[in-house]
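By written order: A, B, C, D, E, F and G. Residues from 1 in each chain.
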Amino acid sequence: MRGQDDRQAYDRGTSLFSPDGRLYQVEYAREAVKRGGASVGVRAVDGVVLAAERRIRSSLLEPRSIEKLHKIDDHNGVASAGHVADARQLVEEARQTAQVEQLRYEEPITPEQLTVEVSEHIQEYTQAGHTRPFGAALLVGGYVDGKPQLFETDPSGTPYEWQATAIGGSSDEMETTLEAEYDPEMGIDAAYSLAVSVLTDEEDPDPENVAVAIIDEDGYRTLEQDEIESVL
Amino acid sequence: MRGQDDRQAYDRGTSLFSPDGRLYQVEYAREAVKRGGASVGVRAVDGVVLAAERRIRSSLLEPRSIEKLHKIDDHNGVASAGHVADARQLVEEARQTAQVEQLRYEEPITPEQLTVEVSEHIQEYTQAGHTRPFGAALLVGGYVDGKPQLFETDPSGTPYEWQATAIGGSSDEMETTLEAEYDPEMGIDAAYSLAVSVLTDEEDPDPENVAVAIIDEDGYRTLEQDEIESVL
Amino acid sequence: MRGQDDRQAYDRGTSLFSPDGRLYQVEYAREAVKRGGASVGVRAVDGVVLAAERRIRSSLLEPRSIEKLHKIDDHNGVASAGHVADARQLVEEARQTAQVEQLRYEEPITPEQLTVEVSEHIQEYTQAGHTRPFGAALLVGGYVDGKPQLFETDPSGTPYEWQATAIGGSSDEMETTLEAEYDPEMGIDAAYSLAVSVLTDEEDPDPENVAVAIIDEDGYRTLEQDEIESVL
Amino acid sequence: MRGQDDRQAYDRGTSLFSPDGRLYQVEYAREAVKRGGASVGVRAVDGVVLAAERRIRSSLLEPRSIEKLHKIDDHNGVASAGHVADARQLVEEARQTAQVEQLRYEEPITPEQLTVEVSEHIQEYTQAGHTRPFGAALLVGGYVDGKPQLFETDPSGTPYEWQATAIGGSSDEMETTLEAEYDPEMGIDAAYSLAVSVLTDEEDPDPENVAVAIIDEDGYRTLEQDEIESVL
Amino acid sequence: MRGQDDRQAYDRGTSLFSPDGRLYQVEYAREAVKRGGASVGVRAVDGVVLAAERRIRSSLLEPRSIEKLHKIDDHNGVASAGHVADARQLVEEARQTAQVEQLRYEEPITPEQLTVEVSEHIQEYTQAGHTRPFGAALLVGGYVDGKPQLFETDPSGTPYEWQATAIGGSSDEMETTLEAEYDPEMGIDAAYSLAVSVLTDEEDPDPENVAVAIIDEDGYRTLEQDEIESVL
Amino acid sequence: MRGQDDRQAYDRGTSLFSPDGRLYQVEYAREAVKRGGASVGVRAVDGVVLAAERRIRSSLLEPRSIEKLHKIDDHNGVASAGHVADARQLVEEARQTAQVEQLRYEEPITPEQLTVEVSEHIQEYTQAGHTRPFGAALLVGGYVDGKPQLFETDPSGTPYEWQATAIGGSSDEMETTLEAEYDPEMGIDAAYSLAVSVLTDEEDPDPENVAVAIIDEDGYRTLEQDEIESVL
Amino acid sequence: MRGQDDRQAYDRGTSLFSPDGRLYQVEYAREAVKRGGASVGVRAVDGVVLAAERRIRSSLLEPRSIEKLHKIDDHNGVASAGHVADARQLVEEARQTAQVEQLRYEEPITPEQLTVEVSEHIQEYTQAGHTRPFGAALLVGGYVDGKPQLFETDPSGTPYEWQATAIGGSSDEMETTLEAEYDPEMGIDAAYSLAVSVLTDEEDPDPENVAVAIIDEDGYRTLEQDEIESVL
């Protein structure tokens, strides 16, 4: 049985496997994702809802500036969790990827292709020397060619497609709730209610503490505070 | 006799041989392959079957997105095992290799050439400093010039040609079964039954837990869930 | 529970996460920010006030030369805290960013875009090998398109938007005061009084020990000593 | 006298000599050569025979794919021993070298020149930092300008010319037999019998376990299984 | 409380902050500055005086060659302290900077701009890996556009503007004297007397042990030995 | 007094001096030279003789292929000692140097210039990081412009000119004999006898164990076995 | 007080200052200079004398080839001390510097400029990572524009101008003698006698053990053995 001392021998560089085939730095980067607030994504038949927890540490902080929801292009959005500065780099990478694709093929990138390309970028940071993995995970929601889709990418650079999922702190509990309550036939309104209720999980949640974006046939848009309030 | 302490002296860098001529990082990468689900390949007289275990951790996860079967071009497919993000990079490498070859020679790449070129790519990551080996193995199945072929490449970058084989977790047991039951004269249907039964190895296997692709004179195609069910 | 010895294993390189997902070098860089004097920013309805503590170690030192207020362009200014040489590099980076933006789009960069681009630059120094994070934080105040805005960026490379905030030594206490006394309807004069009083926090403060800049519709300007005196 | 502890101080990098002038990493790479199956080369008056042991770990493995005999061009072939993936890189290097030479001088490369150029490539990996030596040795057999020649190159990058020799596991014993039984006047048939008998060294050897190539005035060709059988 | 052992963990690389936010290598480079002789700068209303201690270790050494006063261009001069070879590189850097500026804008660089650019160069050596900080400090004196100015830059790359200051060994004591005796209204002759007396600080100083340069409206010039003698 | 432990602190990198100013890796590379067979050079009034010991480990090895005598161009030859693969790289470097010189100046390179340029190449490998010194020494004999000359270069990259000398194993004893028996007036035949007798140093030496080259006004040529025999 | 253990913590890399501001690798390189023979330079009113100790380890060694006197161009010469191969690289650097200067300005480089440029080259090797300092010192003597000058550069890359000085083993004692006996009015003959007597320092010195070069209005020339004898 291996103790802590053995583990320490293999977790100092991204270029090393442990004897049992694990990449400790990638696992630690996953811990960085767990340290931040959660984000939730729910796919409806007519769109995708992304919602993100807000942890406002001061009344003087503009909530908008710590939001973890990002428009990528007219048809795709991202909700992030984990190390904020790392997540922002990935969002920037996603935007450039979407723009290049749009210019090259004259049609919008699908959320799947977007997730796959960002994931490859992330993987390279887990294999190259002289760097560290990204300590962030992303939910990518998109609505392209009449098809709503929800993807996740994690610090190893693996893409997953979900009906609904959560990333970040407490995401395990949230996933359990989502599994219990998700209905594949739900419309965007029900999806939106589900996402917000999973994220807030309180008797009397404060609309200030949550941010919501919807991506549907009208494209990407964020919800105003009063729209959120009406759900809570 | 060498104990654990001695081994630790040589397993921290890909650029080092141990005194008995071993490359520990490559061996640990092989452990990473064993940590994931298994994939099986069976060559029939008229095509190749690739099948992959699915480990679905949530009912909300789209099974398709964690599939380990990948179309490379019209005539070649890959089944992977091990660290998913690493495997995806190799699949991307394979696709580009196939595309370049097609453009240069105006005919499809053979599965052998495809495997050889990807293997060289893998080997370079076992010899260069400042990186780590790929923690993934691939089965490459192809049908080019009327000839079905099945290849494997492993984390050392060594290509092998097989009649039938398995990679990933429990692959040793599966290989034993394949050796006992493989018939070089079997057609694609028998090969398909063999692949699925080896992979599921249960009284009453769930078709949800397996994905299957066939490469034959009609090219690469994946099987629908009900087609798989009809075998089980 | 982890002791000091464990921590030391993960804080020597910027490329490493600790097992609990922290980046120690970034946290130490935040300590470097705390070691210097404080800077305060307050957003008024008609402009932004930046104020910086002056720690004059000798009567022969020209106060102007250790000032932590920097004009970026006609519409944006920066107040810095932390390792002075690092801060100056970031200010230079900000100036070049503003200039490039102006040339490319023929309109001034907004304080938000300026902060985002400098933050990305900072983040890269937390992820690349062979370097260290910047030991400095910046407040970015700007007035573009009739809109006053105040941003912060820290050693992790995360941008925040504030109504009012403080960085550097004793900034925690200052933030508490700001939260208590800030009024979102305040004009530039009230903002200016608040910034200076928070920064000096003495019965009889010396105008020599504080520097102030105002960014409003007339652009960026620093205040003369007697103007400051009139507030104290 | 130096013990194991001293040795460990000098065997971690290819860029280091030990105090007694040895390159331990190169010596460990030689151990990697010994770990694999053996290959034998015998020069006859009218050609060269290359033969390689086959260690077939499964009845489903296509023996051809693990063969250690490689055609380089019409007039030169290689038999390898050691780390398979490393050997394949060297074979690829040899092929490119032969092709470039052919294109430049419009005549085939000699086995000597081929060996010298591959050896220089190998040496560079023993001197440069951030890499490791190749864990493979090659026998190069060629027939150019009516002259049969047999060369060896080892992990240090030293070329040797032989009348007959063996590389890989058990090669020491095989060399003793070759010294006893080699006749410089032997024709290709006798050379072929010698090579196979040295390699199999059993009462009743299985033709499946050996692969043979002949390079003579007709160029490079491998032998069919039944041709091998006729010798045994 | 941290002991010496802890410190040693963070002072081996320029790329590391200590847990309390310090850059030990930069602090050690400051020690290198203290190891050499002192230099003094005094700004008068009509010019700047730079004076440097001479530690002549042999009567055969040409004093001129170990002088720490360097003409940068017609309007700027530098007095250095610390590791001599490092200081010379910075002086060379300053000369090139001044020349480029002159060519580009067809007017002389100001001492402020000169100091800022050299400081940025110094800072980069405190942040990049694979190098060390410069173990030298500079005083930059200039007279451009009728304005005399005196600047300092230190091993961290921070620029300061002074009325009068000292760098190098015993500079702390010298600064105390300067603070006591400096008069902002003093002319170049008084400044010159002050600089030399601070530097020599002896009953009967030897003019051989001090070098003096004056930068005023006539440009940069060094003083002859007898001119210095007349002051002492 | 320093013990073995201290030495070990400074002999792991080519970039380090020991506290007493030694370069241990270069000294260890000299040990590598001593590990191989010896080579001898003798300058006569009308030419230069190079002779090299042959250590034939097998009767099947072609002696020619392990020879340490190399023609560089028509007027210069080299005898090597030490790590064979390293020596071959230096010989290749020498050949390219000679060829470039010939092309540029349309006259043959002198043995002195050849030695100087190869020595500079060797020195660079003792100073650069990420590499190791060459574990080989060369004797360079040439006859250009009617002048016979003999040079040596060693692992530090220092060139020496000799009347006669030896490198490699037992070279110290051989040098003693050469000092006793060398006659500056000797002709090529006497030089040849001296070289061979010093190298073989046996009652009844075997001409198989020595290789000889002569460089004189007729250029570079190696001696046939029977020519050597006639001396012994 | 710091012991040996502390020092060892800071002397392994050229990129590190010790806590008291020292560069140990540079100090160790100075030890390398002390390990070799000495060189002496004396400036006369009409020229410069360079003299170097010869340590001839064998009667067969051509003394000329180990000489430490090097002509740089018609007007400048160098005497070296320390690690021979390092010194030769610096001499080569000096020659190229002189040649470039000559081509660019069509007049000979002065010994001062030559020393300054070589010193900058040396300094860079004390600051960059992945290399080591040069273990050599140079005396540069020149006679340009009717002015004889003597300079020294050391392993830190610091240039000094001297009337007379010594470098290498026993140079401290020699400097003491030079200080006692040097006369600034001495002519080239007296300078020459002084240099040789300081260097040999024996009752009955052997002219074989010293080499002398003179640089005066006739340019650079070395002295014949009998010319040296006439002094002794």
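Operating definition for what follows: contacts are C-beta pairs under 8 Å (C-beta built on N, C-alpha and C of every residue); 3 or more make two chains touch, one makes a residue touch a chain.
Everything numeric in this text was worked out from a predicted model, so none of it was measured.
Here the CA centre of chain A is 53 Å from the CA centre of chain D. Each chain gets a centre from the mean of its Cα atoms; for chain B and chain D, those two points are 30 Å apart. In this assembly, the C-alpha centroid of chain A lies 66 Å from the C-alpha centroid of chain G.
In chain B, the positions touching at least two other chains are 13-14, 129-130.
If touching chains are joined by edges, the resulting network of the protein chains shown is one closed cycle, each chain touching exactly two neighbours. Around the ring, proceeding from chain A in the sense that reaches chain B first, the chains are ordered A, B, D, F, G, E, C.
For chain D in complex with chain F, the residues that touch the partner chain are 9-10, 13-23, 116, 119-120, 122-124, 126-130, 151, 156-165, 175, 178-179, 182.
Those residues of chain C that touch chain E in the shared complex are 8, 11-14, 24-25, 28-35, 58-62, 64-66, 83-86, 88-89, 92, 125, 129-135.
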